[in-house]
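Read through the structures below before going on.
What follows is chain A paired twice: with chain B in the first complex and chain C in the second.
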Partner chain A sequence: MPGEITGGGLTTVDKYYQDYGCRARELKKQGKQIIGYLCAFTPVEIITAAGFIPFRIKGDVNEPITKADTEMETIVCPLVRSCFDMALKGKYEFLDGLVVPHACDSICRTYDIWKYSLNLPYAHFINMPHGTGDASLEFYQEVLNTFRTSLAKFAGKEISDQALAEAIKLHNQNRARVKELYQLRKASPPLISGEELTKVLIAAMSLPVEESIEMLGGVIDEVKGRGALFAQKPARIMVIGAQVDDIAFIKLIEDSGAWVVADDLCPGAREFLASVDVTADPIAGLAERYLRKIKCGRTYREMTGNYEEYLEDRFGHMGRMIDDFGVDRVVLYIYKYCDPYGFEVPQIKSYIEAKGTPVLYLEDEYSMSTIGRLRTRIQAFLELLVK
Partner chain B sequence: MSEEKKPEERKKRRTATEAAAKIGPIQKANIQGVAQAREEGKKVAYTFICCCYDEIIRAMDIVPMWTETYAGICGAKRDAQRFLERAESENFSRSLCTYALCGLGFDAWREELGEMPPEAPWGGQVRPDMMLGSGQMLCDPRNKWYQAAQHYMPDVPIYDVGLPWPPYEDDYDYREVQDYYVKYIVKELKGLVKFLEKHTGKKMDWERLSELVDLTDKTWNLIWEAYELRRAVPTPMGTGDAMNTMVPMVFNMGTQEGYDYYKDLYDELKLKIANKEGVIPDEKYRLVWGGGLPSWFALSDFNYFNSKGAVFPVETTYRMIEAIYNFDMDLTKITDPLEHIAWRWVKFWTYWHDRARKRPGSHPDVERLIKYIEDYKIDGIVMHEAFSCRSWHVGLIWQLNQLKRVYRDIPSLILESDIVDISSYNEADTRARIDAFIDTLEAVKSR
Partner chain C sequence: MKSQYFAGVDIGSTMTKVVVMNQTTLASVIGPTGPEHRKLANRVMEEALAKARLSFDEITYVVATGYGRINVPFADKQITEISCHARGVGHLLPEVRTVIDIGGQDSKGIKLKEGRAVDFVMNDKCAAGTGRFLEVTAEGLGVSLEEMGRLSLEAENRVEISSICTVFAAQEVVAKLSEGVALPDIIAGLHEAIAIRIYGMVRRLKIEREVALTGGGAKNIGLVKALEAKLGFPVLVPPEPLLTGAIGAALLGKDIVQEAAEKGETLVRSERRLTEASIFT
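Up next, the complex of A and B:
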């Protein structure tokens, strides 16, 4: 199988990005079963361990949302609406099942709509708690075990600890490759553009983990091999937001005279930089990663210490990335109707600005139609920098 | 905002019951009492409705400042816009929960001034000593709002109670998981008690807590019985009134006043039924308010429905109780008060699961609608989609579609506006849509 995807890292990426889901479709024809999922909070390791291929459902900023509105209110975040619209339009007809984690209201409140409308052979909601204390962690382990049992029933076979441990190893390996790729953004100018990297991460979420590892290896080799390709640009940008599963916005920034060299997004640093610890009970390691290691607005972190320490606990990783990747401007990019991030804007903005990095906050709708307006804002923000 | 620019306050809405008419002063006392209690040295907490801590805070003499209701009051007084705008200028998106935005705008303003914003409705939202959030399976604002409020009040501590409930799934029953849900909730509530003890310097009086828990059970049963009386034709009380009578249900639980209020309501409804006194004498259409919080600034739309011969004997909104004795377990046997609260919570949220399981393709929310349609002799469904609250307003279209698939076609109307943000509301349009809906009901009836 790996033989099929050699022959150029970035060319392969491009194919998988342009025709998102094409590989899953092929694999389906070969008799594999594909489980679609939403959001970085789906424990993909369990799906892999059960012998299924986890496939992340994405939207399409170029496709106007039409069908979704007959079943789903327009007050849902536009990203989720677009994903659902694509699913209703048959883009993901190869799915055998759907897994939806308790991420945010837009995802949680639409689970039943997804489940009953798509009517796939399998559906499961992972009721992840908000809190991160010990009681929440213990509860979450139970929730993961409920998922494990349920998926095993669908698979018709047990999901052993050993299979889980192997899946964890693979997904960690996948993450390690992404981390390696991120290192290539540190150079100035970066060795890989933000647009390219975003494409890679999106392509990766449509592949079985083994193939993703292979593809990432190819990309790393290619990028290292081609050396310094890009010209200097006057700004190095970090983008912070929820899910950005399209290159349009990143490309817009890079076309406006800046490099995107860092992010706190998913797919992106939020989900790839944290790996699963090897624990005697693999579920314990998984619970720890998804509940505590991934820092996302959907999760409530209990306050420890004073308020400054608390902000450091919630947003310190952003500050560290700014330093490590030589970021000089931050774009906070949030979709309308996004509750977890919408409420964080003043805190994130002031946290980063207090550290001396300017922040541009943009609210958007997940549609190409807003690009013109955003371009003007971004250009004005970048002009401020060169002055 | 200057006096002349302030939008006109609404005239008092006409209610059918005395119980509903009594709510104004109760609600005012709930809010204005906070400032007074504060002066007496009591601890004030920002609180949300339906978060399982009612009896706990009452037992510990914590004074609740219900932040959702404060925003609702600003909305009802048509004086929320200035707080919403303030929140927007702080970079909060206008697409977020407008209760939260109103509250955050208010907090930002109050903290900046060091005193209440000018002419704050009912004396204003008092600065709290602590904030009690909640992580649930709906409503992100319940754990994000207070976190965001700390931006303005970094010294005010938060406790966030994890309160999940089992989802409705095809391949397992909630009974297979309920034990670990309850175990978790009990731990979270224990954590809350500890937190309150730390911040008040007082110890929990467990005996008092047990009494209040029993009192709440009794109140739940009483409310259920009172509300069921509304099945009568003509119905003695509609949803417009229920948007008032819900006040003690969500703000005064675990208090004797709350219980007494529903005793009076029960008696009043009984009397009305005996006298055949309905909301309107000649009911043409009986409707269920099938979901969505109301536009607090436009409650008179319910009177408009009445003027067209339509009444709402039942609603799903703010009916946050079931009769305890109808649960599939004997709650009276659970003597530990925290465990008791946890079981009550899980049983409430799974109450409709068994019925749903019996009808292929059904769902608990849809079953509840079906049961109400049958029990209350319903001709049509009205819902309201408030744009800013995903918690209660996503899934409404789907519920109607599903109802049609598994049950039958029934006329329905989804109104669109908001709970607080009056700029989303157009009275003429709303009423035109109501008129058209009434025509549909008429056409169906005369078929």
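Up next, the complex of A and C:
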């Protein structure tokens, strides 16, 4: 809805961040239909092409998980439980539908609970494979076609190849803007703080893609326009982890005397820096991106070559980002019971340390109650003599 | 040149430690942290100053550390206990490469290089593997913390106690007592449980000799023996294992002052005087 956003880039961001979902609520009143989804592995292009607004469901680190615990066991990761808790507490009452991809086990195995408890007019599970071989890719294309048919039925109209191609173009444009924003982190000191950037990406998850593109454009102009605003700090940090959907953790690092200048997070580089190739059958390009281009712990990359080559295949993008963004220390931030990233910890740590960059591994609870113990660890990490 | 004095204030979860140094330690005070001391770090400081016969104005630089480091309004700088323990142990026992600190609320392992911290691990939120574990179980046994070390050395048949959870361990202790198990055997089991937990954690750092043990846990001979058995070699314990953090804090303050002098920079000192922490009011 171009033209409706007022008040400049970062002010708009702040509004959408503070009251997450406020724009979706407004659009719902105007008669739009909102499809909620979990995780970056939901092919949002198909939702946009069907004429719906994709809306990413997030948790709230400041809200104790209460209602969700009666329906989900506590071995489910705290982020998923928090998302579910917020949904049960009516935070996302504007949703018309729900899409859940087979991302990790905590998301996959709770789909039935989500579907039953929310009881929305539309619910769909995307049975995404974990391998990246040709058979998996072929299977996944069929899975995406099934989703396309199912959503078209709910929309009451076909999702044409043209509509899909148009949606892919828009979402790629959105990602290109994020890439441009990331370039502004490369300066030393960065032109945009990690806290600001995290806020921008979270706000963007709650908007129709056209509005996200416009908001990001506003932010880029504003940040470029204000020039070098920040003071030099002694460390440039990259944060690696699953999903960080609150600024608190990033702010904690930046308040401890460092800039967060790079990440492999969601929302973040993992999700935004891979675009969809334009292919004759748009589904083929989508399948390629989601299955092979996004490098996430939830996808199993078959072992090729020797161990070093295998690590390079899985984590080479992290290594390149460390070089490109002048990162001197890495924080590996994992939630308890995160099955994909829990398993990745030793390999990521050894890969990055072998490159000569120190790594701090933190396991957390997805709750602000742990901030004191995190602070001591982060400060101590920043005080360490670099080997 | 006028002599310089440095103070280190280490506010742990259980004990507050203050040292005043120039070339050597001039005065040290150790007292329980408690709700009052947490607020009144200035009183502990005053006590240490009186012992050293100095006024606060004569102190060149104050560094606060420990989990209560933010509650010291008169400190010039806050530095984490990781860096302070490393600096303190590196000064007292230069041959040490690995520090194991067993505090009241958390335990940690620190790797040292050239007397400075280069890596560390800390226990998570759980009390197992910390001084708190012994405090809780001592209560159930009706013995004081101080007695536990000596008593455990009399053990003949050490029992197995859960190393996973403090609450479960306390229940196990009650069960063992009702079975008529001898007190020393139970206490030895508790020390073994802590040693398993701490050794498992610190091993992630690739332990190198020499190893120093600090914190309240280092004062418990039974725990020291249990850890030595796991490590397979003797550990070093500083003369006063509670003070290494405060000594390291004072020394880091000295480093900061020296570095500023070498660079010709003037140091900005905290403007606040000896007052109570205002965040509690």
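One rule holds in what follows: the second predicted complex is superposed on the first by the 383 of 387 C-alpha atoms of A that agree within 3 Å, B and C clash if a C-alpha of one lies under 4 Å from a C-alpha of the other, contacts with A are read in each partner's own complex, and residues count from 1 in each chain.
Note that in this section contacts are C-beta pairs under 8 Å (C-beta built on N, C-alpha and C of every residue); 3 or more make two chains touch, one makes a residue touch a chain.
If you're wondering where the values come from, they're calculated on a predicted model, not measured in any experiment.
After alignment on the shared chain A, the placement of chain B and chain C results in a side-by-side fit free of clashes. Touch criterion met: A:349 reaches chain B, while chain C stays clear of it. Of the two partner chains, chain B is the only one that A:298 touches; chain C does not reach it.
By the touch criterion stated above, A:93 is placed in contact with neither chain B nor chain C. Geometry note, superposition on chain A: angle between chain B and chain C about the Cα centre of chain A is 80 degrees, to the nearest 10. Touched residues of chain A were counted for both chain B and chain C, and B has more of them.
In the superposition on chain A, contact of A:384 is made with chain C only, not with chain B. By the touch criterion defined above, A:281 reaches neither chain B nor chain C.
Contact with chain C, but none with chain B, is seen for A:372 once the two complexes are overlaid on the shared chain. By the touch criterion defined above, A:363 reaches both chain B and chain C. Fitting both structures onto chain A leaves chain B and chain C with a minimum C-alpha separation of 5 Å. In the superposition on chain A, the residues of chain A contacted by chain B and by chain C overlap at 363.
Interface residues of chain A facing chain C in the complex, by the touch rule stated above, are 358, 363, 365, 370, 372-373, 376-377, 379-380, 383-385, 387.
Partner chain A is touched in their complex by these residues of chain C: 67, 79-83, 106, 113-114, 116-120, 122, 124-125. Here chain B touches chain A in the complex through residues 90-93, 95-97, 100, 133, 135-141, 143-145, 147-148, 150-151, 154-155, 157-158, 160, 162, 164, 166-172, 176-177, 180-181, 183-184, 187-188, 191, 361, 363, 365, 385, 387-388, 390-391, 393-398, 401-402, going by the rule given at the top. Only residues 70-73, 75-76, 102, 104-106, 108-113, 116-117, 123-125, 127, 129-131, 133, 135-136, 138-139, 142, 146, 149-150, 153-154, 297-298, 300, 302-303, 307, 310, 334, 336-340, 342-347, 349-350, 361, 363 of chain A touch chain B when the two sit together in their complex.
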